[in-house]
């Protein structure tokens, strides 16, 4: 058994794929992340989710689970290379009593198109409020600059280093659809239009954030939520999201 | 003793009804839920409560208890089939030092009229604020649509599936009464008028939410609270709760 | 030693007064309460405090301690009957490295004038904001009615039962002084003017809340903070704190 | 080994400098503080940091770490007396997989110019919002008075006692720079201009707070954040930050 660890096995529902004593194993990390996200209000009422990719294997939180109670046994596993037809998705390992998440094709898009190692989906109210505020001016792009926390984001796909303080962080917004899987096309379009973004907002719904590693996806998701909350508070106080301060103010 | 587990016993205050090593036993689940609800600000200062039905047995949090400190020994148990006259309620098991909750007939209404398996009562400030905002326009119905979190609700009593993104979630509001038990009639009227609702708001008081299972009652309560908080923030930002976006916006 | 438990001892700094395996012993309860209050934002940065009276013995959190880190060893103990001259307060037991709290005479006022068993002092921002809003209309009385949570308060000193839903909760406000001990006189005046109140707001400072038991003081403090937060949010939304709804609205 | 404890050792990366069974050892305290700060929203997404000085040794959180997951092994150690040229900083002990924090010279400024024992850097949104509100009136000084929590601050460098209730707390604001290290000069200028301040706000970025001890730095950081949050809420409610109440109001 020990020698098969982390290798897809032919029988027994491949439970070895989600059993590990290593706290950094994806099947242990996803429940830990989801507990944290529940506390942050990101995955209220079974909303939202998270997925980690380890080489060719993708680990996924199931649909409809109470995120703060999730266990490694609840995790789905699939092999990225075998997902030829998204309509005929084959799972190497399925939990006995859940359904796959409708977020799956969106997570896969982050893994295949952006080589992400982790993708997080939240229903954060700050993200939703930002999309609602942008809707009033028919905008599909969130922009903010001259806030230190912007430095928490990478410059973009296959680029080195992080954004600078004076750079403008741009997060595209796509329109929501009745079925979450149907977001995939417009998510991929947004990725093409903004190749350096690490996140896509979904109007009246939430956000997808990814990163090369769990660390980067999670800290970028935190930094974004910080900026969305700040942006909503700025709006309440009549403060603009964009400014020009490349010179000393006082 | 072990063979009598979960069977009403004739003697000894039936303490076996609330003693179980199973974390999913109602007498263990109610305290765990209440601890969580206290952290969410739903059951501040002994307000609110929760009840679980297991076939004919109903488990109830007592009145006046600090919800984050509740223990299985604090739980009341009654048999649903024996509640002929609500004024002469008979408890199979009573805790030594508490009083029954005035919420009891309202929980029972959810169990008998809607076949619920769990009913949650909160004093959430977001729920109260929504009822206050509706009061200013003399409305007794909360309505919101085109928000993803709406999909967290079932379509209704004896119906399959969940609400869709474009569906309008409608939660009736009843007026508060000096004595909580006196809410029962208007709660039942609201259930009759809105047979598919899983919740009833109580003006200037809070909300009752139920579901077929503990899982559904709890996640629907979370999703509702999310929507109420969002609605209050939307109001602060001048954003309407209802919109017409069955077509692509941009 | 065991037989001396909870009896003032003549020697050894009376450490037996604050050592007990009973989780309900005041020296264990005060740190537990203070940890909870820190999480609620009531005792930020060493502000606020708590005291429990057990017959003639008074247990007090010290001055300047980080409340979420407090330990039983940090507790002061004094005998109420021996506090003839407040300027010459004698402690039966003092922690080695702290100073007595300036709140002490205010806690004692609640114990001697109202026979309280516990008194809690918080710097809650909601309490402070309410006093600031009242200041703009030169008011020294917070009033709110027709909110269910009001039922969380007792009718008053030596009275049975709790306030009703339609009763108006009245909490007097006293002006702050540079030295906390100097609040004692005006606190006692407020107690005389409003003999049934269980709390006194201190302008631009916070609140003192008491109750016959730890349970009542703590749940009344929670209910008050709930109402203050609600009142601030109501103000932001243009909703009045007082209304006349002794009849059915709709 | 035991005899070398807390003494810089010549070999083995000096891991003995960060290994201690004492919970009050800086290498244990910094992770504990950072966990707390993460929960408070002060160090979201690897932002912010903390440093403790013990005589000549300075312990530092690394750059880019998830603060709630930090471990003693992640800590940098340097000797204050050996930091002749800030561009050639020499660490007695470095963690294997992190980079030094850009905050280091700012922490060192607090240690060398103010003899601080601990310095905390947060990205608190309340601090950022206060700097944004001040920016609209081109102000580089936050001022508030007549709030009890002001008494949580020391009177100033090499002075005894704390501020009084009627004293005006003044916190200077410096402009942010693209590279955090470049803040050092203006931070030191602010220290010179306001020699008694224990904190410097950084526009659109956050705050640096220090104190003679860990206890004082941490409680002053808490009290400041309390005041910034209060100030933002006061602004939403139209309440001024400064007032003149050295006489009884009512």
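Couple of notes before you dig in:
The first chain written gets the first letter, and so on, giving A, B, C and D; residue counts start at 1 in each chain.
Throughout what follows, a residue touches a chain if its C-beta (ideal position, glycine included) is under 8 Å from a C-beta of that chain, and two chains touch if they have at least 3 such contacts.
By chain, UniProt protein names: A, B, C, D = Methylthioribulose-1-phosphate dehydratase.
None of the values given here were measured: they were computed from a predicted structure.
When the CA atoms of chain C are superposed on chain D, the rotation angle comes to 90 degrees (nearest 5). Per-chain CA centroids place chain B at a distance of 32 Å from chain C. Per-chain CA centroids place chain B at a distance of 45 Å from chain D. Multi-chain contact residues, meaning those touching two or more other chains, occur in chain C at positions 236.
Taken as a contact graph, with one node per protein chain and an edge wherever two chains touch, the assembly forms a single closed ring in which every chain touches exactly two others. Residues 41, 44-47, 66, 123, 125, 128-129, 132-133, 135-136, 138, 140, 175-178, 202-206, 232, 235-236 of chain A are the ones touching chain B in the complex.
Note for the complex: chain B touches chain A at residues 146-149, 152, 164-166, 215, 218-223, 225-226, 229-230, 233-234, 236-237, 239, 245, 248-250.
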